[in-house]
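The two complexes that follow have chain A in common; it is paired with chain B in the first and with chain C in the second.
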Partner chain A sequence: MVINTDYLERSLELWPFTNTKPSSWLNQLRANAIDQASMLRLPTKRDEEWRFTDISALTHLPFRPSQPENIIHIGDVEHLFLKEAKIRLVFIDGYFSSSLSIFDPTSLTVGNLPMFLSSNSAYLESHLGRLAKYEDNVFTALNTAFLSDAAVVSIPKNAAVRDPIHLLFIATQNEVTSYPRCLLVCEEGSNITLVEEYIAHNNAKYITNSVSEFFLAPHANVKHIRIQRENLEAFHLANCAVSLDRASQYQSISISTGARISRYNQNVFLNDEAAECTIDGLTMISNQQLADTHSCIDHIKPHGTSYQQHKCIVNEKAHAVFNGRIVVRPHAQQTNSSQSSRNLLLSKTAQVNTKPQLEIFADDVKCAHGATVGQLDEEELFYLGSRGLSPATARSLLTYAFAAEVINRIPVTSLRQRLEQAILYQKSE
Partner chain B sequence: MIVSNSKTILAVQGLHASINGKEILKGIDLTVKRGEIHAIMGLNGSGKSTFAKVLAGHSAYEITAGSIQFENKNLLDLPPEERAHAGLFLAFQYPVEIPGVANIQFLRLAYNTIQSQRGKEELDPLEFDDFVREKMKLLNMKPDFLDRSVNEGFSGGEKKRNEILQMALLEPRLSILDEMDSGLDIDALKTVANGVNQIMNKDNATILVTHYQRLLDYIVPDFVHVMHAGRIVLTGGKELALELETRGYDWVINHSESTNKVTA
Partner chain C sequence: MSAVLQSLVNQPYKHGFVTEIESDVAPKGLNEDIIRLISAKKNEPEWLLTFRLEAYKTWLTMTEPKWQNVHYPSIDFQDISYYSAPKPKKKLSSMDEVDPELLRTFEKLGVPMHERAALAGVAVDVIFDSVSVATTYKQKLADVGIIFCSISEAVHNHPELIQKYLGSVVPVGDNYFAALNSAVFTDGSFCFIPKGVKCPMDLSTYFRINTEGSGQFERTLIIAEEGASVSYLEGCTAPRFDTNQLHAAVVELIALDDADIKYSTVQNWYAGDENGVGGIYNFVTKRGLAKGRNSRISWTQVETGSAITWKYPSCILRGDNSVGEFYSVAVTNNYQQADTGTKMIHLGKNTRSTIVSKGISAGHSNSSYRGLVRISPTAEGARNYSQCDSMLIGDQCGAHTFPYIQVHNNTAKVEHEASTSKIGEDQLFYFSQRGIDAEEAVSMIINGFCKDVFQQLPMEFAVEATKLLSFKLEGSVG
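On to the complex of A and B.
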């Protein structure tokens, strides 16, 4: 099939909400977003923010929006479930599957978009689309325009959810774009662990365009583990926006191992005093994969703290990109911020671009940053070899050791073990 | 212990090795038989660690001449891991730290790899745990060694004990212990030496590399070799170590340099 229009034009043509009642706020939101999308264009390498990430392979794909067609049996995906998670929301190609999910429909704090729309539309309206700005981001605009389902998690004041909540997004359809969406609202003093995971069920070619919005009220505490392990045919374009209120704590661990091309934008706003965030990332790619992480930690008010550690392990002909922007606004005195980017190249053809971007407008701040790019240490390899380990085993053990610092912080045991095994038994050159 | 008619484990002949084009080993000959303990002594920089690493197969060194026979194998044909499988073990002068890998995980992996290569039974995590704790008692090691990352933040003495623990686990035919007494106080030295003595038997052998004679009070060598400028310049019995202690290295070096001139 020859496609003359580009991906964006085609997406605009296929927008399904033209004839729905315009009165509802949700339709208004979608309509605004599609208008906005029509005024934007797909980024190219000429855009500073996309300098290293060429998505031209995507621009001519004839992909249509995914459809709700639930053909997955629980036996096919059970192995993806986390035994610690007592609440699990599963989305197939972006659409909620109640048969694969476990939650309490009467509690009204966890569910999907239609459930919340019928019970608590005003609450949704005051949060959905308020944080993930689509004015200058074509992918957020498209996600918002095509918004028809979402994972919604709302944690009441002072509630502490002991077990992790698992949001599992499974791709199954070929040549489609799906639009996963997450909304997390943590009321004052609440405490949760959330696992947001993207995975493919098969070898389909598809695009995931996901948007997540997290609101942390004062003193809320959120641990957010994000796992992107799409298949190697996939494109994964994701935006996450997090708002931190006074003295809230946000700990994020993002692991990217999948997708042919992935781009993750994570924007954290320290909107009130004494907010604290720890942002850890691990990218582990091989083959011809390209994985781009762009983060922005925005210190807006005083006494904020941010720690960031990003690691990339790049093998074969893969290419990793990390751009870590840290903004300290004029009022954000007594900010304490540190960023470290450490990169391990496992082959001569692997490539990494890492860039700290500090924009500091306050004078009484502590900001430290550093970046390293290296290979596996020959002396360590020799040491392991002298103990009988084959070069391949020695390499994967040292690679695992490099990743362990990030992986060990994952507070969900079975998930941590799963990742450990995946690294220890991966092939290496 | 010198055993008559004992089989040769290691035979090094005319070994020359260089690194980055600089020759460090300049013709080493050494034969080690089962049951024997050899000490290689010499000043800092004489090439002792280089010799140890060449034996273990470090790829940075280029062997420019000579041969190394290990039991019935040509050692120079083997990569480091196969030398380990064959029964060669090096306790490093400076063991590397490997943050992120738990010591117990590393020890078990090394143990099971060697076991399976020798056609012996592997141990599961629980069995191995018991096994390694037993060996640790021999060396008076604290159990928290197992949970820490390999050598990370270990004191000099702790690193040495961890090396000897590996020797105890892997049951090598030939152990080369490079400056294993450095960083050990006298009590620790006695403990570790006692551990080594217990591992020794009539079928294996040890090369002690040291520039102090102190260690040799506790592990008594059958042969003492003095290394200087990349060669073994003098070989004797254990009394040679004592002589070095009282007379210093100078007399050996002067002696060797004068004989060099004669032979040159």
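On to the complex of A and C.
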């Protein structure tokens, strides 16, 4: 416990905004968040929400907040870019890099925090920090307290952005904590595809503490692809909050393959009638990795629909955790919700903890969930063997098939192919 | 239709009467002296007192758990009387000497004791506010070598068995309420089925809480030796009081090689009135250890009573090829709360477990299924199938599912399914079109919903459970 408070205390001590005043509301927000953070403590395995995820390892690390250092050349990271994306915002250790990004600075719909602050501060104020609650989440509180840069995407009414927008967060510095932040505001009837990607540039040890907030106005349609490919030394702690207005549609695909310890909290609020969300997830880990996904789909108003499918492929000594919570509030009648958690264990030492949770307070609803844990089917392996495939090929083919259900939903071709390759060439016991 | 049904659902609690017999009640409060007093009253040997005191010391170091999905004002453990026994006028030698007032109580309850016992062919070990009053059919059971008696008797007559097994499945420090029970348990049932014996009849205990402000802390221990088998029934009721009563029991089952234990419960403690005042807090630790190869432990429960039901009858599947089963129907109405489910801990090879849980919530009640399926690294080829369905009646109630699935072995196959539904208008329409009124239709639909579980109950219990269920729910649909 003593060690635990150390990390938090160090972070609190290093808070840089004691005397700055970039914009009064923003300063107030940070000050509130740092106050809140100082009242919270780091979660331990004794907390129900963190039962299986031991983050005590990160408390031993003398990490300081990352600094803006733009030392990356475009040639070093070019391979990470998506050819389909016409708009790309690149952040190095949480700080915006204009030289690596492509966007139109004259159109004020996509940019970073300082740009929006100077031109449209009131707009930011009404959204930033409004959805990702930091009152009871120490990591969101810290992210908000250290908020100095952010990716801001604002899509005007009825605009349809055909090409995906790529938000690329690259980690480079050793022994730092970076605080990436995303804000997406989709006005009424708008339609976009957003790729949010976290990746390591080297083998640095670091903590990524990211927070994303998505606002979907009535009839907005958002496809959100989230890729987490941190290196195996990294800690990735992420919170994502999504608010759905009337008849809006949110489709999310989260792929998590990296980080020594990762934790992704995704909270989706169906705040008005007839909202619809599809939440898919794929975790693919090996070595000694631990990947924890906690999601909460909150049906607040009637006629909501949600589909969730989470898959884990766990190899070697890795450990996957899934906790999917579906809440149907009183009077959220005619809710239709389904959830499935499917897990594939590829080695004897792999483990998985899954907990699909239903909390239902309305009677006229259809809710179902299911969970399975298993290994590759011997008969299927035998069949492929009888067709002349080597055991290793057969295994990776079947593993691929298991993952394909999620991967195939990714609407960005180059990204999908990249992931397919990564899965097909993964070794299995 | 709702008016008719409403009147039926508001039917007063059938078993709500107090038997006026002199009780021997210990002063309220809990300390070492009280524990010594209980031990002395029961004339217990030194080792049991040590067991109790150790449990008490452990309990003092523990804090009341808070993770459960039930809410209740905190319990003042110093405001409970930990011992309440009907004052024995003299030693009982036959059933005729039992206090007639007591017998009338059981008569009202419809307990098949005394002559009536023959009717159901059941041997009843009656627990009346913690002290076993009379045990029937003892001789018949003794002939085949079965020991079926109160746990205090067993302490005197079979101390070696009690010493060997008591606390072996639920250790004293297992959880807060188990520690409390270990410190203050007053009586309970003990059952020992020797090697190779199939118990010739269903064994049954009937629990009843009588004294206001007393806790019921009974302890049940069932041991089935190699190749033995037994079916054990437990029924519970309590009179109505405005105060909440705590019932913190511990049940331990041990099955050796090829043994088979089937444990069925119909729980109908007083649930509080329609405003949620009073009722029993039913916080019970039940656990079975399938110790031997090919052993089998099966829990069946029908939970209709109690203001709060909070228990997880569990199976530790240690023996290779052992089987664990859990069949449950939990019905909540008015302001009742239930957080119940099971734990299946797979340790041995090729262990199998089945979980079927049906929750029905009506009124302002909340019912949760919380279950753990844990496949340890040693449990090669383990298999689990879980199904938990909830039915909601009305829009003021809640149904929740919290399945914990922990798999540490890749040869395991684990499946979990859950669904939530309500009684559809079209279903009711279909029934009425066939000339079946709404009330009966609901009862039939619910019975169909619970069929998988009721099938597991012994005959008499199944009938009782079906009746109980319609009592509980009539009037909540409309």
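As a working rule, the second predicted complex is superposed on the first by the 422 of 429 C-alpha atoms of A that agree within 3 Å, B and C clash if a C-alpha of one lies under 4 Å from a C-alpha of the other, contacts with A are read in each partner's own complex, and residues count from 1 in each chain.
The rule is short, and it goes like this: contacts are C-beta pairs under 8 Å (C-beta built on N, C-alpha and C of every residue); 3 or more make two chains touch, one makes a residue touch a chain.
On a predicted model such as this, the values are computed, not experimentally measured, just so you know.
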Return fit or clash for chain B versus chain C, each positioned on chain A through the superposition. fit
Tell me which partner A:S390 touches in the superposition: chain B (first), chain C (second), both or neither. first
With both complexes superposed on chain A, which partner does A:A401 reach: first (chain B), second (chain C), both or neither? first
Can A:E379 be said to touch chain B (first), chain C (second), both, or neither? first
Between chain B (first) and chain C (second), which does A:Y250 come into contact with in this model arrangement: first, second, both, or neither? neither
In the superposed model, which partner reaches more residues of chain A, chain B or chain C? C
Kindly classify A:D363 by the partners it touches after superposition: chain B alone (first), chain C alone (second), both, or neither? second
Determine, under the contact definition given at the top, whether A:N353 touches first (chain B), second (chain C), both, or neither. second
Rounded to the nearest Å, state the minimum C-alpha distance from chain B to chain C in the superposed three-chain model. 14
Touching residues of chain C toward chain A in the complex: what are they? 67, 375, 377, 390, 392-422
Quick one: which bits of chain A touch chain C in the complex? Just the residue numbers, please. 48, 330-331, 333, 341, 343, 345-375
Contact footprint of chain A on chain B as seen in their complex: 56-60, 79-81, 83-85, 89-90, 92, 95-96, 98-101, 106, 109-110, 113-114, 117, 149, 166, 170
Chain B touches which residues of chain A in the complex? 377-380, 382-391, 393, 397-398, 400-405, 408
